[in-house]
Amino acid sequence: MDAPLLVVKDLKTYFYLSKGVLKAVDGVSLTINKNQVFCLVGETGCGKSVTALSITRLIFYPGKIVGGSIIYEGKDLLKLPENEMRKIRGKEIAMIFQSPMKSLNPVFNIGYQISEAPIVHFNLKHGEAWKQAIELIGKVKMPDPEMRAKSYPHVLSGGMRQRSMIAMMISCEPKLLIADEPTTALDVTVQAQIMDLLLDIKRRSSMSIMLITHNFGLVAERGDEVAVMYSGKVVEGGSVKDVFNEPLHPYTQGLLRCIPVGFERKTEIDYIPGTLSSPINPPVGCRFHPRCKYATEKCIKEEPKLMEIKKNHIVACHLCGG
Amino acid sequence: MSALLRYSVKRVLIGIPVILFVSLFIFLLMQMLPGDPIKLIAGERVTPERIEELRRSWGLDQPVYIQYFYWLSHVMTGDFGYSYVTRLPVSLLIWSRLPYTIQLTFTALVLSYVFGIPIGVVAALKRGTAVDNITIGVATFFYSMPTYWLGLILMLTFGLYLRWFPISGSSSLESMVLPLLTLTLPYVAMSARIVRTEMLEVLTEDYVRTAWAKGLPSRRVILRHALRNALIPLTVMFFLDLPWIIGGAVIVESIFAWPGMGSLLYKSILKQDYPVVQALVLVITILTVVCNILGDIVSAFLDPRIRVEKEA
Amino acid sequence: MKTESVKGTFLKKLETKSMFKLTRLKEFLLLLLHYKVSCIGLCIVMGIIILAIFAPIIAPKHYAEIDVPNKLQPPSLAHPFGTDALGRDIFSRVVYGAQIALWVGLLVVLVEASIGISLGIIAGYFNGKIDKIISASADIVWSFPTVVLALGVVMVLGPGITQVVIAIAVTSWPGFTRITRAKVQSMVNREFVLAARAIGESDLNIMLRYLLPNITSTILVLATLTLPSAIISTTALSFLGFGAQPPTPDWGAMLSEGASQLVIAPWVATFPGIFIVITALGFNLLGDGLRDLLDPKLKI
Amino acid sequence: MASMVKKSLKKLESKEAITKIQAVIIALIIIIAAGIGIIVYYFVLPPPVEYKKTLVIAIPEEPEGLDIQQVSWSNEIHDLIFQSFMNFNESMGMVPDLATNVVMEGNNITIYLPADAKFSNGDPITAQIVRDSIERYRKLSPYGSDYDAVTGYEIIDSHTLKIICNVPPVYIWFNDIPVTYGDVVDTNVSSQVGDAAFNQNPIGPGPYKVKEWVHGSYVLLERNDFYKTNLPFVQNKGPNPYIDEVMIRFIPEDLTRVSELEAGTVDIVRGVPSDAVANLKANPDVTLYESITPGIEYLMINVRRPPLDDVRVRKALIYAINRDEIKTTLEDTVLPCYSYMSPSMLAYNASVEEHASQIYAYSNETAKSLLAEAGWVDTDGDGIVDKDGQPLRLELLIPNDEPKFKKIGPLLQAKLSSVGIDIDYKEFAYNYIRAKTRDWDFDLAGRFYSWFDPAGILPYLLHSTMGNYTYSNPEVDSLFDEDRSTALSPTERTALYTQIQNILLEDAPWVPLFIDVTYTGVRKNVEGLLVMPPFATLFIQDVKVKVVKGG
């Protein structure tokens, strides 16, 4: 295994709201290798998207990245000055978002928006960039690229818009593409097409993808590595095979049980009791303990550390680590 | 573009009845004003018979609707009739004051957007910091300042005591500085506040985040992506405020003796000089209808979503 | 037995309701205080309201008491703000003026809001011809300089406070209409309105019980932000001599009287001027705070 | 360089031409002489005097038009564009101006024009043109009825015109000959260009002609080189070489107008507000010319509307007003007035004012007792007198575009309320109040008049047929008619108007308040200006304006 592409260590991102300090990401660590589909899963509001945004340093007022480090090609992205970071963002690390409807600028046509990144990063001439944009539109399997380039976002369907987003983000052949729930807003058939497209591009340009989703089916099918997050922390991580076959952390086990599988006739769907604790004043010790069946005294008092129980399989729970 | 042409022609056709209706309304409002122009204007040493003679010579003894159609038919040929007070052709009065109104009030409106937009953008970008609070605090202060009070203070300090600028009149360019300042300051404050809200809303949009994610430099993201979208509602507002330039500076024009159309309208209403009031009201109404159409066309030009809607 | 349970539920409902309202109020004030700027606005507004309510007590003299021998006295202990050309105590006149300013401001906003909002809702709800007529008339009235149109109305109805209120309200209701219409239009095709239509609610009912409650926060913000411009417009009309009739202590009239003495007796015009600016500033800051709190997207 | 100096010094010494001390003395003398020269040049010798080419006058209101025959009020611009046949000197005596002489005998007036009299465009002024001009005036001007008495004209020669009337033309003699309204206009030009154009660029014989009129801002006049006058009190009988142009600016806001004067950007300011008078008197760079307005400011009473038809109620109103308080409030810029005429009017009799000020001296009690006598007593103790259940409520109309009236408005209200009258106070523009009084739709209305000849103004206000107001008294009517139709000597006229005023004092149709004193502010560097009664007319024939450095 050669050097990892991106290593995140103890990342902390807080939001300073009038009600109090929201600790969206409170000490997240994970590593992404080259040419790999790394999945980040968890309930909505557990800080998955904030982690992604922190990696590309797209956190704005009232949020702030307060701690930890993100090592990418030997450089800590959090220490980089803005103009250095700007060279990486979009060129080396790109990102696509969940709501295709609102993620494209309504006043520019698709061709222009796709050609913008190459113009800025490789200072191509407009003509060249436009030709390249048309090529890219073809690459993401959109019919009649010539006409599509001139059309505006509001005339395109959800799937088409997501494809133009992808075309836009791969225009500079990034090494890492972060996809923040790319298919959640789309219907199932289009979902599959988009995922095939993403994996096809990954294979052809040896780019690694960080897939953020709460859809475990997708992770099982497409993912290589996976990390499970709960209330701002990573509670379990490892290869998809290990984590899905022998989930160690009670939360992961609970999640896996919730997926209705095949034709099994079940009278009642399992669910994890209780709701996500408020991130502003999270419970002491292990944050899952209010909802954990096996919660012990220790879990309540002491916060468990991430430990590597098995090879390439880490978990943060007193039960497993002993 | 032909679709836009068709659309604006349709709007003009709708505009015409509006203009007619407003001119009739103002005509009736004038008739309702108690007292009649002849008695108002005739000086002290006039006998009742003389007043009757003058009324007949000016055709004021005709029934109202004949006066209205008489006036309307003349307006079609561009003759706005004669002012009761000055007996001068109304078109002359308006044309002689138009350059001064454009010079002062129009520039004030343009300047207020030229300065308002950058201040609003900076305040939006530096949201929550001291810069934001100070700029918006000062803007609100000037926004709360009545124009006549601001005018008096500026005139005394810069005109009389410091003598940096001429106190009043319209002879030189410097004499425009103080009235322009009095008009622009509160207006810059207003547009800055609105631009700030506009920008705050746009900056939270997803496509701006996409632009950041593409690694574009901040200047490009803010100006090309964010501001470009924020400008759409602002241009519409600019065109809606445009007719304000005709009568908006009534008090400033009287304090600084500036020969704009505002003071003419104000004096004509006072003296119940119907022809001048009706002519100015007509100009304001036509300008409003035209500006509405222009506003739509420009916003369609700026925002493809509306353009499609218009073509459909 | 039945009355018992009904009472019980009623009490419980009352309790939860008031408890719920209480926490919302507490939270509302807490948030408001967080916005320092709007907090200043709140204090100023409170100060002016107290001044207006307790005017007869605070003001040493009656506002119309003429005392020509010691006219144009500079500020002194006897007359904290000095005296004007007729020897009237400016401090008492400014204090009573607060009553006029607030009273007129409130009346103008009420009249303006009722015309503007009702037309706004109708225009927003019934698209098509009605909307076009209302919007066209709103644009025409909006483009008219308030002072000049108000002047026409005052000349027809004669000078005086109530006429001024009508004059200004009649000329600046489009402010409310335009914003209410935009809000209603954005809400009209939302699910809860469609649902209401589906179960056969009458149009009037939908407008009153569904749409109106949803825009109350916007109206509150709008009202606080239009009150200062209403006050400034009334004082502008008084400055031109068409507002409050003497001897009522209207700030604008005092300012216009003092204007010609600005060189020899600056205090006559300065104090009413200061109070106009402070009051308008107070309401504007409070309005901004409310807007950021209740309806950040409101563009005014 | 140093070696050279040393060498020359050595040479000097060897020559011993002059000792060191003598050299120093010579140098000193040269320096002192140069110093004195400079001082003398700069400080002692008067600097070469320069004169400004343009005189700037600021007035409050823009005239309705420039053609004197189409306006209802005239101002400085008309005085400069036109020239009347005769004019008033210091003591209100008539002296020739355009005409060499004007004679009134029997029922006609003869005007003798100088042979070389010309309009500003060079057209000669002949008898025919004067006749056509009068006919145009009768057709166009609101005051056309001045010449109703004229039955015909006789052109004796090219420069002499006799006007034939059916009555001794006393009215025309006082109200048209010496006044701008009666001036001659170039009817040839007016018929060519039309009345509207003529109203913008009229042609008259006056010292200046119109160069430019920027509506709402200023009128620029340039010198008329054909100007000639026979005025005795003016040295320069022809065009004024020093002033090429006169700019008359319209500045409505009092504070702005006075500030322009103090800043020196304006040479003459008309209509100085009462507040600024004290300040300007103390200002070293400004002189203030006072002039008593030929007219009074008063409250017109609607004598036909009960309860004001009762003379006791009207008299009570007069007693209720404290005119000394009015004087102090207006910074002593007015004269208290109890009778119906002003000192600067013709046929004025000071004893009438003296007598009136005694019988109508301010007394709250007399006012209350008169009201009680008329049946108005405060029965329900609410501070307002009432009679058979009805409170005494009167509407008081005050003009808000007359600064002095507007300032004392609340004072009048307070005084009238103190005697128990419930005053409904309303402010309107003056024109509008005058229109209401013409329609008899008022109780008390703030009014004023300003005209030097009583025959030219009082009948229009008090005569039952000629005026259109509520007061009418046949005896007063006959006295007015007598003055208009018979050539009375000055003493006879004074006696006649004394008799009229005594009747008016009894009938009390008005509440006389004060006589306005107008102030004209003039910069000290303006020399040779004449401000003549009755309307404080400006005569700038001899004016020179020194350019003051850093002024």
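In order of appearance the chains are A, B, C and D, and numbering begins at 1 in each one.
By definition in this document, a residue touches a chain if its C-beta (ideal position, glycine included) is under 8 Å from a C-beta of that chain, and two chains touch if they have at least 3 such contacts.
Worth saying up front: this structure is predicted, and the values here are computed from it rather than measured.
Of all chains in the assembly, those touching subunit C and also subunit D are B.
Common neighbours of subunit A and subunit C under the contact definition above: B. The chain with its C-alpha centre at the largest distance from the centre of subunit C is A.
Centrality by Cα centroid goes to chain B.
The centroid of the Cα atoms in subunit B and the matching centroid in subunit C are 24 Å apart. The distance from the centre of subunit B to the centre of subunit D, each centre being the mean of the chain's C-alpha atoms, comes to 38 Å. Centre-to-centre spacing of subunit A and subunit B amounts to 52 Å, using the average Cα coordinate of each chain. With centres taken as mean Cα positions, subunit D sits 87 Å from subunit A.
Listed for subunit B are residues 34, 152, 156, 270, 272, each touching two or more other chains. Residue positions of subunit C touching 2 or more other chains: 259, 262-263. Chain contacts: subunit D has residues 253, 255, 259, 401 touching two or more partner chains. Residues 253-255, 258-259, 273, 275-276, 278-279, 325, 328-329, 400-401, 403, 406-407, 409-411, 413-414, 425-428 of subunit D touch subunit C in their complex. Residues of subunit D that touch subunit B in their complex: 64-65, 70, 72-73, 142-146, 175, 195-196, 199-200, 214-218, 249-253, 255-256, 259-260, 262-263, 265, 401, 429, 431-432, 434-436, 438-439, 449, 451, 456-457, 460-461, 466, 468. If you check the complex, the residues on subunit A that touch subunit B are 56, 58, 60-62, 82-83, 86-91, 94-95, 97, 99, 102-107, 109, 116-117, 120-121, 152, 154-155, 165, 168-169. Contact residues of subunit B toward subunit A in the complex are 127-128, 203, 205-207, 209-218, 220, 225, 228-229, 232, 302-305, 308. The part of subunit B that touches subunit C in the complex is made up of residues 14, 18, 22, 29, 32-34, 133, 136-137, 140-141, 143-149, 152, 156, 193-194, 197-198, 200-201, 233, 240-244, 246-248, 250-251, 262, 265-266, 269-270, 272, 284-285, 287-288, 291-292.
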